[in-house]
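Chains: A, B, C, D and E, in written order; residue numbering restarts at 1 for each.
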Amino acid sequence: MKNILEYVGIEPDRLHFSWISSAEAEKFQKTATQVCEAVRALGPAQHMIKDIRKVA
Amino acid sequence: MENQEVAQKIQEVAKKLLSEGKVSCVIGFEKGTVPMRERPFFAYTPEEAERLTWTSFCCNNLANFLVRRDLGEAGKVAVVAQGCVSRNIVGLIKENQISREQVFVIGVPSPGMLDRRKVQAEVGAEKVITEVSEDGEDLIVKGKGFEERVPRKKVMRDNCYTCVQRNPVIVDELIGAETEPTHGGNIDKVSAPWEKLQADDRWAEFAENYQTCIRCYACRDACPLCYCHVCFVDEAQPQWCGKTQDESDVLTYHVLRAFHCAGRCTDCGACESACPMGIKVRRLTSKIEKDIREMYGYQAGMDLESKPPMSVYRPDDPQEFIK
Amino acid sequence: MKNPYVPYPVKITKALVETEDKQLKSFWLDFLNPADAKAFDYTPGQFAELSVSGFGEIPIGIASSPTEGDTLLFTVNKVGHVTKKLHNMAEGDVMGVRGPLGNSYPLKEMEGKNVVIVAGGFAVTTLRSTVTWMLHPDNRAKYGKIDFIYGARTPGLLLYEDQWREWQKRDDIDCHITIDREAPGWDGLVGFVPTICEQVAPKPDNAVALICGPPVMIRFTQPVFDKLGWQPEQIVMSLENRMKCGIGICGRCNVGPEYVCKDGPVFTKAQLDKLPAEY
Amino acid sequence: MADKILAKDKLAEFIAALQKDKDVFAPKLDNDRLVWAPLEKADDIVWEFSNTEMSPKDFFFPQTECMMHFKNDPKAEDGMIMQAEPELAKERALLNIRPCDAKAFGVLDMIFCQDEMTNDVYWRDKREKTLLIGLACNDPCPTCFCTTVGCGPHNEAGLDVLLVDLGDKLLARPISDKGAKALSALPEAAADDAAKAAELKKAAEDSITQGVGTDKISGAEVLDLFNLPMWDRVHESCLNCGTCTFCCPTCHCFDIQDEVQGEAGRRVRNWDYCMSWLFTVHGTGHNPRHGKKERVRQRFMHKFKYIPLKRGGEIGCVGCGRCVQLCPVNIDVREVVNSMNA
Amino acid sequence: MSDTSNFQPRIAAFLCNWCSYGAADLAGVSRLQYPPLVQTIRIPCTGRMSPKFILQAFRKGVDGVWVSG
């Protein structure tokens, strides 16, 4: 999925996968921060959004 | 073997099967009403079998008709299959849509089917073609006030050019001898032009490619993999994909459809041939095909035994993308 | 130029779950603009598209009668995503109504004749409208004897109980209300609608029958009426098919050349016999 | 109204005049595909073409059309109440539309605008604000069969003006008052120009050799046609895709859907197609046209029996041949209709 | 690309009920700070995850998707 989205032009860093066990609260915190930073660096998503206000 | 000879042989085999009552129906091709459009034909009697033909324009995937008809009622049917079609039959057997006993495969090594749009472009978009015949490695294209020879290789369908399996993988009766497995094209190159681009440009290319889509779903309906009773685009609760011409709706449809074919697509090109707008539908599916091949070392429908990668877990499955 | 696709805004003034299985809910709707109420000029048998903004439209038969004033009554079966949403709506909510659509029961042609009304389950809606209309003092004299045969599976699934209890008290209509199987607390008729029709044995002379119900009921009621000597021209039925536009354009509700939304939903048996059975 | 002459070197002037108050569109070549596009200057006009890939019906009946919008807020004063979309702001002209496509609009007029209630204001508005300037077909395709379905390569129905290409000039025939107005500045045609146009017409009509017979269909009972054994075979190879209906100039079925996003909501209609299983399925799961056979039969019966029956004999097909060319499995309408007529 | 300095992305996090959702819960209980931009969606199991969800999230306008098992 990541590959295909990348292929169509959605930056790979917009999609993250991770494995966290229910005891790993700290890893969760760390990953959440990482994900946010990665997406923040990319700026707002431009594609695939359906904006009916624009079309209407 | 020349296509005409193959056609002759197909007729003979079909007649024999039908008259001996071994199958109730032979699914093959007959001559269409317009040039370069051979069409699927269902022969039920030895007389009807005489209409069966074989040319370089047999672009539909006949495996498609195996799932969509009620085989329980029809009993055993025979189907004319080249490499990719036979791979799809294998896929359908693996997915329990049909059983091996229900189909009689009349195997034909593929001559490499031709793209009628390319032929049209070759003689000029505005010329009206009235007759096309084959002469060895050339096509003879006739129309009002012109006659041209076009080399087959120049107008071959993209997927046939990069085909990796021209010979049928399962066969009950083989017509002609097995041939070279490929036509020499490099399958990895199909998605290459896009892979080099930056994300935004890639998106632009992608949107441009599908921009003319009219959402007739011919690509889906021509595809032997798309046999779901209710397709996700038709689901209303929840609605995954709007029904409008909006870019996001069109692209969602294409991305998800392609993704549903992951690990199953045999690159038969039926979607691209069916598209009335000439969209390069394979741009997406062939990329996924390549990924599956590189990540899991799997090619769909090559044999009856191997397990499709999307439905089994192996400890050595790639997982670099997971943090 | 009037836009036939834009619904009239209405407010739900009352909503009531009708049946014990909670599948059917009735809605009383009042027009937000009094002028719209005047424009919405309907006859029993017609239907309207109920419009829930953001969800879509659904064609529903009008269960109220124009003789009851401007409030419209619809009873809705919960099946799809529009009706589910509708069931969750409360009094005071705003929605839309588009119509009236379709033809109606042949009230004019029925004048001077005896009328037999056969209803099964949920299909009673437009027939409730018809009976109410015929029983109105202005109209009652135009018709002969009225028989009303109505059945449901259980007493809890019978719609409009207050209404038919009242009709039972009158002497200008014969009500035969039945349930499929004996149930505690039920002292009325028991038996399937076709059986009751056999018992009532309405005479075909100078009479019209309006039959509306689930396909299985129609399949078994038909032979009863045939045996009693009814002609296809005397039997009137109401169809339903999937619809969108409701005005005979969008192309999905047609039965042969006839559009259920525009040429129907009411057809005589004689008409249906000449059409493909695509309903 | 008298025929006029429009010299090709005067085209720029003519188009500039049209563009004063109209958006002008014409067929244009885009990567080997002939599509409808805004016309900028006279030089861009394509004169030699069979027909555009898709029918221009979407000028009047867009594939996706917003019909109404509403404020998705039940608490707001005007919340949840549907407001109709505004009408077309500027007039349009379609230049070089083929007579078959124009004829299709005539057929669709009868369906979209039947009476006071069945009055599709979205269609009507766009129709009334569009000038149709047709270009007669001098060289029909092998897949054309217009002459056998009540149309023809020089057919005038539905058009405002018919142009006939006479080489360096065009014979411009005003058909409606609107058309006459657009041509008022042009000189009248000489008798031999008109004669030449008539000759071309005859030649074009004669070049259409294949066709369909509909004489027996019009006399037959609906049920007899409906129960013909041929339907058991016609549908076999059909994929149930929407290609034939979407490319067809007279197919007009649609679906209405609501969409919301935050506070914005709209009701849109999209083209729909009778080949789809979902087209007729009921909420209960019952489907009156459950099989491929029923659906394929519906399409042909609708065009060749139901529409003529309801619309005074007018056939719901104009013989443009697009479905013959584009059907992925080559289900040829001519063969189907001829076997219906057998 | 727009100004990224004060851009606050919206992220849809699909969390498995048994693993990451538990972790998120624990993080909350333990008062660990993580960015408030993540909108958690509990799914019964990561096996419930479907590509449809990801596309749907993007269609609804999120800037990123995070799937965690």
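Odds and ends about this structure:
FYI, a contact is a pair of C-beta atoms (placed from the backbone, for glycine too) under 8 Å apart; a residue touches a chain by one contact, two chains touch by 3 or more.
Because the structure is a prediction, the values reported are computed rather than measured.
By count of C-beta pairs in contact, C-D exceeds the other of the chain pairs A-B and C-D. Distances between chain centres, each the mean of the C-alpha atoms, put E farthest from chain D. Averaging the CA coordinates per chain and comparing them to the mean over all protein CA atoms picks out D as nearest. Note: centroid distance chain B to chain C, computed from Cα atoms, is 51 Å.
Computed centre separation for the pair chain C/chain D is 39 angstrom, with centres defined by C-alpha atoms.
In terms of their C-alpha centroids, the spacing between chain A and chain E amounts to 8 Å.
Distance between chain B and chain D, defined via averaged C-alpha coordinates, is recorded as 32 Å. Multi-chain contact residues of chain D (touching two or more other chains): 255, 257, 259-260, 265.
In chain E, the residues that touch at least two other chains are 51, 55, 59. Among all residues of chain B, those that touch two or more other chains are 242, 244, 246, 248, 252, 255, 259. Of all residues in chain A, those touching chain B in their complex are 1-11, 16-19, 31, 34, 46-50, 52, 55.
By the touch criterion given at the top, residues 1-4, 7-9, 11, 13, 18-27, 29-30, 32-35, 37-38, 51, 54-55, 58-69 of chain E touch chain A in their complex.
In the complex of the two chains, the chain D residues touching chain B come out as 29, 32-34, 48-50, 53-54, 62-64, 139, 141-143, 233, 236-237, 239-243, 245-247, 255, 257, 259, 268, 270-271, 273, 276, 278, 292, 324-326, 328-332, 334-335. On the chain C side of its complex with chain D, the touching residues are 1-7, 9, 32, 51-57, 79-80, 83, 93-96, 101, 240-242, 244-245, 247-257, 262, 274-276, 278-279.
Only residues 232, 238, 240, 248, 252, 255-256, 259 of chain B touch chain E when the two sit together in their complex.
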